[in-house]
Structure formats: C-alpha cells, structure tokens
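These are the structures, in structure tokens.
Consider the two complexes below, in which subunit A is the common component and subunit B and subunit C are the respective partners.
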Partner chain A sequence: MARLLDMGLSAVLLAGLYATMAYGLGLIYGVLRVVNLAHGGVLMAGAYLGFCLHERFGIDPYLSLPIVAAAGFALGVVLYQGLVRRIPRGAAGGPASLLLLFGVWLVLRNLAYLVFTGNDRTIRTAYVASSVAIGGSHVSVNRLIVLGISAVIAVALHVLLRRTQIGRAIRAVAQNADSCTLAGIDVHRVYALSFGLGTALSGVAGVLLATIFSFNPSSGSSELLKSFVVVVLGGLGSISGVALAALLVATAEVFAILILPAYLTTAVGFLLLVLVLVVRPGGLFGHRVLS
Partner chain B sequence: MTAIRPRAAWRRVDVGCGAACAILALLPPVLELSAYAHNLMTLTFLMIAGALAWNWMGGFVGQVSFGHAAMFGVGGFVAGRLMLSLHLPAPICWLGGAIVAGIFALGAHPMLRLRGPYFSIATIGIGEASRLVFTYWDRFTGGASGLSLPLDGDLKYQLYWWALAFAALVAASSVVIRRSSLGLKLLAIKADADAAADVGISATFYQDLIFVLSGAVVGLSGGLYASYFSYIEPGDMFGFDRSISFVLMAVIGGVGTSLGPILGAVVFVLVRTYLLASYPQLYLGLYGLLLIVIILFEPLGLTGLARRVLRRIRPAPGGAPP
Partner chain C sequence: MAMTHRLHSSSCRVLLSLAVISAAAAACKPKATAPSERAEILIGATLPLTGAEARIGGFFKEGYELAFDEVNQQGGLEVGGKQRPVKLQLDDDTTNQATAVSLADKLINSDKVDFLLGTYSTALVEAQTTVAEQNKVPYVNGGGAASEIYQRGYRYIFGALSPVELLGTTLMTWIDEQQRAGKLPRPSKIALLWENTSHGKDFRKGVSAYAGKRAGGYEIAVDESFELGGKDFGALLGKVKAAGADVFLVDAHLPDYLTMHRQYLDAGLCHKVVSYGARGSEQAAIDALGADHVTYVLSGVWWNAQLADTIPLARKFVEAFKAKYGGRTPEWFQALGYEAARALFTAIRQAGSTDREAVRAKLAALRIDSLLPGGTLAFSAAHGGAAQNAFVVQQNLPDGSAPIIFPRDVAKVAGVAPSPRCTP
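Moving on to the complex of A and B:
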C-alpha cells in the first residue's frame, strides 16, 4: 500500500513535467496546425543549454529558465520566419512540414553531438540528492520544484491566453485565420509569436527534464511521443485538460512498471497513443484535435 | 503537374530501364568488379528496393513513415534465425522474413487508421519500441552483440544478381502500381481521404494493403542484407538512422514519383559512404540540411530538378509549362 502511494506521488510529480512538455507542442499545433517534429530536438537543446549555463557560469538550472525561454523564443521565431512560413498550409503542406521539421531535429541533434559528444549528461546541483518527507514517503526536492514551476507555467499560460490582447489574437487565429486577416490581425506575426512561444516552452521543459533525468543528443523521441499523447488526450481547448491528460499518462507510465519489464516502459507512451486514438480519437474531453 | 505522356515515351523509359538492368547484370563477370565495388552496388540495389517501397507509403499514399527500420529488422532477423536454426535454403529464409515483416506491418493495423501527423508520430513510436524489444530479446536476436550468419562466398557473389533482380522487380511494380487504377485510388486517398471514401475507395483498406506490401519488400531487403553482410545487430537493423535513410532516399530522389527513389538511393549510398569515411561526425546534420533544402526549394527532389532541366532543353510543345 505504501508502495502504491509512493508511485501515485511520483506520478503526480512527473505529470507537471509532462504537461509542460505538451504545452509547447500543443500551442504550435493548435494555432498553426503544424506538428512540430523538432519538438524532441528542442527539448534536447534546452537541456544542453541549461547544462551549459550551469557548468560554465554556475547558474542554477531553475534560474536559467528565463534565458532558455528567451533563446527558445528566438529559435522558434527564426524557424517560423525562415522555414515553416514557406510551406503551404493545409493538407498539401502536411508531409512537407513534417519532413522539414524533422530535418531541423537532425541538425540540432548533430550540433549537440559535435559540441557535447554522445555521452550521457546530467545537471548536478548541490541539492540534487536532498529530499523532504511527505506523509511517510521521501520526495526529491528537485521533483517538487519541477512540479511547482510547471504549475506556475500553466497559470501564466492561462493568463496570457485568456486575459491579454496577444492571447486573444492567438486564440482568434487558431479559430479562423482568414477572418483574422479581415479583422486586421497580422496573422504571420501571430504565427511567429505562437511558434516562438511553443519553442520557448519546449526549451524550458527540456531544462526541467534535465534536472531529473540524464540526457544525450539522441534524447527526445520518446518525449516527443509522450507530449503528443498528452496533447491528443487533453485536446487543445483547455490548459487544465492537458494537465489532466499529463497526469493520466504519467500514472499509466509509473504503474506500468508493475506489469511490464523496465525497458518496455518507453513503449507505454506508444501503446497509450494507439489506445487513445482507437477509442477516443477526439481526445478525452471532447475537443477534437484534427478534423 | 506534368502533362500525361504519350505511350511511346513511356515505352522508351521502359526499354531504357531494361537495358540498364542488363548492363548491370553483366558487370561483375565482364569488369571483374573489386570486392568493394561489388559490396557498394549490392547495397545500392537493396536500398533502391527499400526506398521504392517506402515511397509507396510515403509518396503514393502520402503517409510519411519514420519507422520502416522495424520491418527491415524483422525481415533480416527472421531470415537469419531461419538460416541458423532450421538450415533452410537462403531464398526460403528471405521469403519467410518478408512474410513475417508484412504480417508485422499488418499488426500495426490500429495505427493505420491514423493519418497525417498521427501516423508519422506513431511510426516513430513503433520504430523505437521494436528497437528496444528486439535488443532485449537476445534469445532471438543475440541482443546487442547481434547474430553471425554462416559465411558463404558463392552465395555472397550471387547475391549481386538476387539484389539486382529484386530491385528491378520492385521498380517495375512501382511503375505498374502508379499506372494502374490502384495508383489512381492511392492518389485519391492522398489528396482527400474523405472524398475518396465518398466514391467508394476505402482509405483504411488500401492503406493497409500498401503498408503490408511495403513492409514485406523492406523486410525482404533486410533478409538479403543480412545474408550479404552475414552479420546483423539490432542497433543497426532497427536503428533510427535506418528509418531515416529510407525517408531520405525517397526525398532526395523525389517523393511520390514512381522511379525517383532509385536516383535517391544511388546518391544516398554514395554520399553516405563518402561522408562516413571522411566526416562521420557531420553526416546526420548534413542530411538534415539536405532535407530542409529539398523541401523548401525542390519538393520533388532530383526528379523535380531533372524535369526542370529537361523543360529548359526541350520546351513542351504548345507553350510554356505551368
């Protein structure tokens, strides 16, 4: 029983991270209808940036988040203006945008190999091993901070999308880009903004990931898969939907250890994806993701 | 789009391809190819077959797969196992591998209802999951240290023709599929699956069919590869690089064209051999750049480029092409 409680707790802690990963992918998909296949690469790049800032300049990974977010935003805007913008929208551009962003992922991956070699890295902070007792079980301080930051990000994103002029523009473009043009909204600017914001979120999620797990240049494909599962499961309509879906995925993954051999837990994301798409292609909460 | 060519022009292409095959078939005895050249050409034939088969799915149906290595690996390891444990003649082992690979692809049936990005991301998952499963399943695959198959010099020499015949067969099938009503149905599905369903073309059925065929061909190519190199290991057979290579060959040659991937495979194998020898630390990124450049500037790859050059040389009768 104590073990199950422990597992439940670690699922909750993991869920925050998964939700943050998914916001980046979901925002871009929701607004531009483009699946950012470079998402895994951006996560990896964010992790390395956090690692670098910590090793070189001694900046705590959590304090480096604004820097990583800014870098991610810049990367996203450049990717949009330089590449994604040139691809036709709609069905014709589907495979093209996938292949294009996949190419970006390969480039990012190769850059990481060149700069950091293929070795596994971890971000070692002074408090990496410290833990606090919560109701009889020990919880790593790191994981608690990650959960806290994820909650802050979720609230911030909610406020940005619901309470600001920019957020209103983003939501309007997501609904109907053509009408937005008529209403005088610069659609391409909103697209660039959303792509930047999504990439920034991915980068931040990468740093959070790096504080908990080890990583190398080929990291990112299973994270991409999980983020996608969460986005599909949670739908694009609500931030709380994504959070709930993240909790579900994290729980499934943590408890899968009870029945599956450890090396197969990576496949849980895939199994969930297939299950969800077969059973509820519209997502659990009714917001259909893809028409 | 290019105008529909007259029949005579098609026949000329057919004759050209046939002649090329005949010349290639005569090469080893006439020129006494070095072992290196023999190796490279056999590998190219196998990759041509794989790239064409990927293109059936990625180009004809328009479903981009990032997980074709799974079928390549299954075909290779099943063939290898059949050879090692049952000592069956090689062609039967290859066929066995191809059939199992096809069934493996069919096993992904629930996935096949997926379209577009859903499908692509699910194939990344399938690729990764099968790499893990087969790496840990060491009774079957020998784990990370892989399988060594019995060396057979004669068979290795003959594999040149097996691979050539195989590639030629797959190329011919590509052309036949493209020209047949099946090809038109696939085009309809690619353009709009819902509209295709309205006129009685089941996207699910044809997608299944093509995926099974494509998987079996890639599996057969994996089996021949295993025989030729007589050593296989899961990291290479199921690796992400392997999956990417199928995508790249098709994209370089021209996604959706019937014979473009042949060109792509030739270029890919040559460039890869050169890059791996000279700049092993750069080749992944260069592929990424290549992918980006092709998609942005010439979505039909080398085929598109060739068409452009041809139009320059010999403008279409009746005015400028669209």
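Moving on to the complex of A and C:
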C-alpha cells in the first residue's frame, strides 16, 4: 500500500513536469497550427538563462522565472515577426514551418555549444536534495514547486483565454483567422502574441527542468518528443487536455513498472499515443479547447 | 513551355557553375602524399570536439598531443634506423556515429594515414572500428570500453580501456572484502540497476558473475535496466526501497547519475554501500549535488592521478601534463589518450617499419610498462585485443577528497563500510 502511495505521488509530480513542458507547444499549435520544432531548443535556452542568472547574479531559479518568461516572450515575438510570419498559412506552410523551426533549434543548439561548451550543467540550490514527508513518503521540494507552478500556469492560461479581451481574440483567431481579419482583428498581432506566449512558457519549462535535471546544449529532444505525445493525446490545441494527458501519461509510465521492466516504461506513453490515434484521432479531450 | 525552358536552362547554368567550382576546388586541394613518399608518419584520429561529448573529446586531444609532442621533441620515432617525425591528422566527428565512420574512411582512403588512433565513447568506437578492420589499418583506442567492441573477431582493433565488466568485478571484490571482515551482512542483498546499453550490460555481467560465484554471499534482489536520459526514476527507486537491499550498485552516465541520485536522496534512501560505477568522484557531480550528498559514494575508474605516487610512468605523465597544461591535473581521459598513442608508437618502433601488418603483429604481442593500474599494458588476445588492467576504486570522504581505496597496492586509505550516512 505504501508503495502504491509512493507511485501515485510520483505520477502526480511527473505529470506536473510533463504538463509544464507541453503548454508552450500546445498553445502555439492551437492558435497558429504550427508544430514548433524549436520548442526543444527554447527549453534548453531557458535552462541556460536560468543557470546564468543563478550563477552570475545569485538569483534563485524560481525567482528568475519572470525574467526568463519576458526573454522567452521577446524571442517568440521576434521569431514570429522575422521568420514564422513569412510562411504560408495553413497546410501549404506545414513542411516549411517544420524545416524553419528545426533550423532555429539547430542554431540555438550550436550557439549554446559555442558559448557554454558541451559540459553538463545543473542549477544547484540550497534545497537541491530537500524533501518533505507526505503520508510516509518523501517528496522532493523541487518537484512539488514544479507541480505548483504547473497548476498556476494552467489556471493563468485558462483565465487569460476565457476572461480577457486578448484571450477572446486568441480564441477567435484560433477558430477562424479569415473571419477575424474581416472583423477588424489584427491577426498577425494575435499570432505574434501567441507565439511569444508559447515561447515564454517553453522558456519557463526549461528553467523548471534545470532545477531537477542536468542539461547541455543537446538537451530538449526527448522533452520535445514527450511534449508532443502529451499535446497530441490531450487534443491538439487543448490546454486543459494537455494537463489531463500529462497526468495520464505519467500515471501509465509510473505504474507500468508493476508489469514491465523499467527500461520499457518510457515506451508506454508512445504506445498510448498510437492507441489513442487509432481510436480517437482528435485526441482524448476533444479537438480544440481554445475554440 | 517557355517557363519550363527557362527553368531548365537556369538549372543547367547552376549545374555547370557547380561543376566548374568543384573541378577548381579539386585542382586546388593538396594531393595526399602516398605513405612511402612521406618523411613523417601520419596517424589519423577523430574525436568528438563538438557535440555532446565535446568536453571529453578535448581531454583525449590533450593526451594525444602530449604523446606526439614528446616523440617529436626527441627527434621522432626511430623506424628502420631513421628518425621519423609523427604527425597527428585529427578531425572532429561531432559526437556522431555516421560522421565518425565517414571520417575514418576519409582518413584511410583520402588522407592515406598510416595508422589510426581511436575516438571517444563506446558507440563511436564500435561504429568506427568496422572501417579500420575492413581496410586492415591498426586502430588503437582508449575510449571504447564495452566488450562488444572486442567480441567481433576483429584483428586490427586494440583497446587500452579495460572492459566495464571488470569495473563490476573490481567493485564486488572490494565489497566482498568488507563482507569477509564482518562489516556487511551475509548474505548481502544487492539492488543492481544498469543503463540499457552495452556499457550497462557489461557492468551487470561483472557484478552478477561475481555474486554468482560467492554461494550464499549475495542475493541480487533487484536487477533492472533503465533508458539513457531518464526523467523519472521514482518507480524504479520504489522497487529498490521495497527490496530492502544492503548494497546499491548502478551503472550510469553523468546526467542519469545526477537525476537518479537526487531522487535517491529525495526518497530518503540509504544503503550500506552505494556506487554509480565510474561516476561519483568527478567535480561536476559534486558541484551539482553538493559534497555532503555524495559522501561515501564509491566509484571505479580506469586511472587516477593518485597513481603517480606508486607507478613511475604515471608520475612522469602527470608531471609532463602539468608542465604542458598550466598545472592542471589530468583525468583518466587524457591518460588513456596518451597511453593509446604511446602503445602505437612503441609497436611502430618495434616493427621497424610502417608496414601495417608488421605493426599489427607487434601490437598483438605488445607488453610494455604502463601508467595504468598494474603498471603493464598488453592487449589480451583472449579478450579480442582489449587490455585487462584493474580499475581503481575511489570513495568520496567528508573532507571532500576521493582517495583510492582499492586495489590495496595503490590504496591511499582503507575504505569505509558500511556508510556512516546510514548508521543510526
């Protein structure tokens, strides 16, 4: 029983991590219909920015999140205005956007190699190995904070999209960009904001990952893959679906160890993806919550 | 129609231009000199100078360059009564298997190198050695440790790095000494976790074989592998916790060690003996986890600068390295790079020519004084050309040092078991 409780807690904490990683990717796809392959690179860049702020200025990684978010937002807006905007909208721009954003990732990665070398880095805080006891189980303080931040991001995104003027504009553009243009909404401004917001979320996720894992310029590929699984499972473009899918994937992976060898547990998420795509191609939680 | 014609003619112009540029570039490119016409001995190598293993690739480069400098400062290698300088043709394989393979092919067939030195990491060495074997070029490496590399019946591949299986055996030998001294329970329960690579499989083999030979001494309570770059080891560590093991043995690369050990500490786990294989004593881990959190962790490595106190060649190497690199202390990477190059030079000198077959034969029969543990280097034919030197076991102590605790002939202090971190 104690072991099952341990595993349950582990699943919830892992879900927080997966959801945080996937929000940015989900938001950008939901609005722009662009699979942001630079997501992995932005995660990595966020980790390095958090690392630099901690090493140079002694800023706690969690306190550096607003700075990283602002930098990520600026990067996203620049990427959109400078590159993504030039790609044709809709299906015609699909392959071009994939190649373009993959190129952005490669540039980010090689810049990181140039500046930081290939060494593994970590952000070490005073509470790096601190844990709290919950029902006889030890739970990492870092992972609890990540879970908390993941929940805050989910609520904040919900409020932004449902209760604000810009949120309504984002949802409208996600539904039908052409109609929005006719109604006088500056679609490119909404796209730029959404891309900026998605990139900011990816940067924040990068810092959170760096508080738990070591990282180097090659980091981000497995995170991109996992984010993709979560976003597709949740229903492309669905923010609350992302959170629920993250919980589902994490639970499946953690409890799989009861019947599978440990090295196969990471494949469980991909197996789930295949099953869901066969049964419900639109994802488990509908097509688009943004709509 | 007219548009198609324009497209075709512009494509033709582009193709023609490219052909002219290529021809010009080919004409300008210096022609590789045939080995028989060269004054120097040309030795080719690739290393991961960029990419994920860039840091370690740089370390191997330092080892190679020191070995080449030493020979050239003495006027070169004496081959067939003549002093011939040695030249290193080094390319960057970008930590990529395909690049390592194609560069090895280029070094052999375009640059016409005489011999090859190896790259770093088992995956790259394993891929690259196929090219060396196909071309019958002697290949000496200090960066590939998995026994799979040496179990393919290849004749031209020689490894200065002992197989990881021996790491498992060496750790178990020390643990066994502690058990015989009554410091560990009999039987001791072992939780054995290993990365799902040839590296991890070798480690598992070494530990399991040793435990199997000591009837009643050990019970492997958990025997699980994990994927590289794991994000969550919570469930796996839960299994370890439930097993109530005395000894926690893991084979992991640095990122997985950092992630797993953080979760290990978070989960409040504690074992009488803890080791992450070759990981544990490096500064990067101490920086990441904090010295307090890695105290009493054991690590087994192929070489350590502390060997300079007991092995004359190790002392000579450490002094030369410090003189060349601003007083920095070398790690095993530089030492193995240096030693691989030195072994190849010795074989060339002994062969008295740069004939590849003659040098291969000398490498196969080589037995020289070495800076490695045991003080001798030989490429064991019974193990496919892999050296079989023992590992040195270090233990992190509360004062921040990591002295060698095993084997006894080179140990600085006696190791501590059971770990006081677990003593109530």
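In the analysis below, the second predicted complex is superposed on the first by the 265 of 291 C-alpha atoms of A that agree within 3 Å, B and C clash if a C-alpha of one lies under 4 Å from a C-alpha of the other, contacts with A are read in each partner's own complex, and residues count from 1 in each chain.
Please note the rule applied: contacts are C-beta pairs under 8 Å (C-beta built on N, C-alpha and C of every residue); 3 or more make two chains touch, one makes a residue touch a chain.
As the structure is a prediction and not an experimental result, all values here were calculated from the model.
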For this session: With everything superposed onto subunit A, say whether subunit B and subunit C fit together or clash.
Result: clash
Exercise. Does the superposition put A:222 against subunit B (first), subunit C (second), both, or neither?
Worked result: both
Exercise. In the superposed arrangement, does A:163 touch subunit B (first), subunit C (second), both or neither?
Worked result: neither
For this session: Tell me which partner A:214 touches in the superposition: subunit B (first), subunit C (second), both or neither.
Result: second
Exercise. Counting only touches as set out at the top, which of subunit B and subunit C does A:94 meet: first, second, both, neither?
Worked result: first
For this session: Pick one for A:261: touches subunit B only (first), subunit C only (second), both, or neither.
Result: both
Exercise. Which holds for A:3: it touches subunit B only (first), subunit C only (second), both, or neither?
Worked result: second
For this session: Using the touch definition from the top, say if A:113 reaches subunit B (first), subunit C (second), both or neither.
Result: both
For this session: Would you indicate which of the stretches 40-48, 58-66, 130-138 or 166-174 belonging to subunit C has clashing C-alpha atoms with subunit B?
Result: 130-138
Exercise. Which parts of subunit A are touched by subunit B and by subunit C alike?
Worked result: 113, 218, 222, 261, 263, 266
Exercise. Okay, in this complex, where on subunit B does subunit A touch?
Worked result: 58, 62, 64, 66, 110-111, 113-114, 116-118, 120-122, 124-126, 128-129, 132-133, 136, 191-192, 240, 244, 247, 251, 255, 281-292, 295-296, 299
Problem set entry | For the subunit A and subunit B complex, residues of the former touching the latter | 29, 35, 37, 83, 86-87, 91, 94-96, 98-100, 102-111, 113-114, 218, 221-222, 224-225, 228, 232, 261, 263-264, 266-267, 269-270, 273-274, 277-278, 290
Exercise. Where on subunit A does subunit C make contact in their complex?
Worked result: 3, 6-7, 10, 13-14, 17, 113, 117-120, 122, 124, 128-131, 138-140, 142-143, 212-214, 216-218, 222, 226, 250, 253-257, 261-263, 265-266
For this session: Report the residues of subunit C in contact with subunit A in the complex, numbered from low to high.
Result: 50-55, 95, 193, 196, 224-227, 229-232, 234-236, 238-239, 241-242, 254-255, 258-259, 262-263, 265-268, 284, 287-290, 293
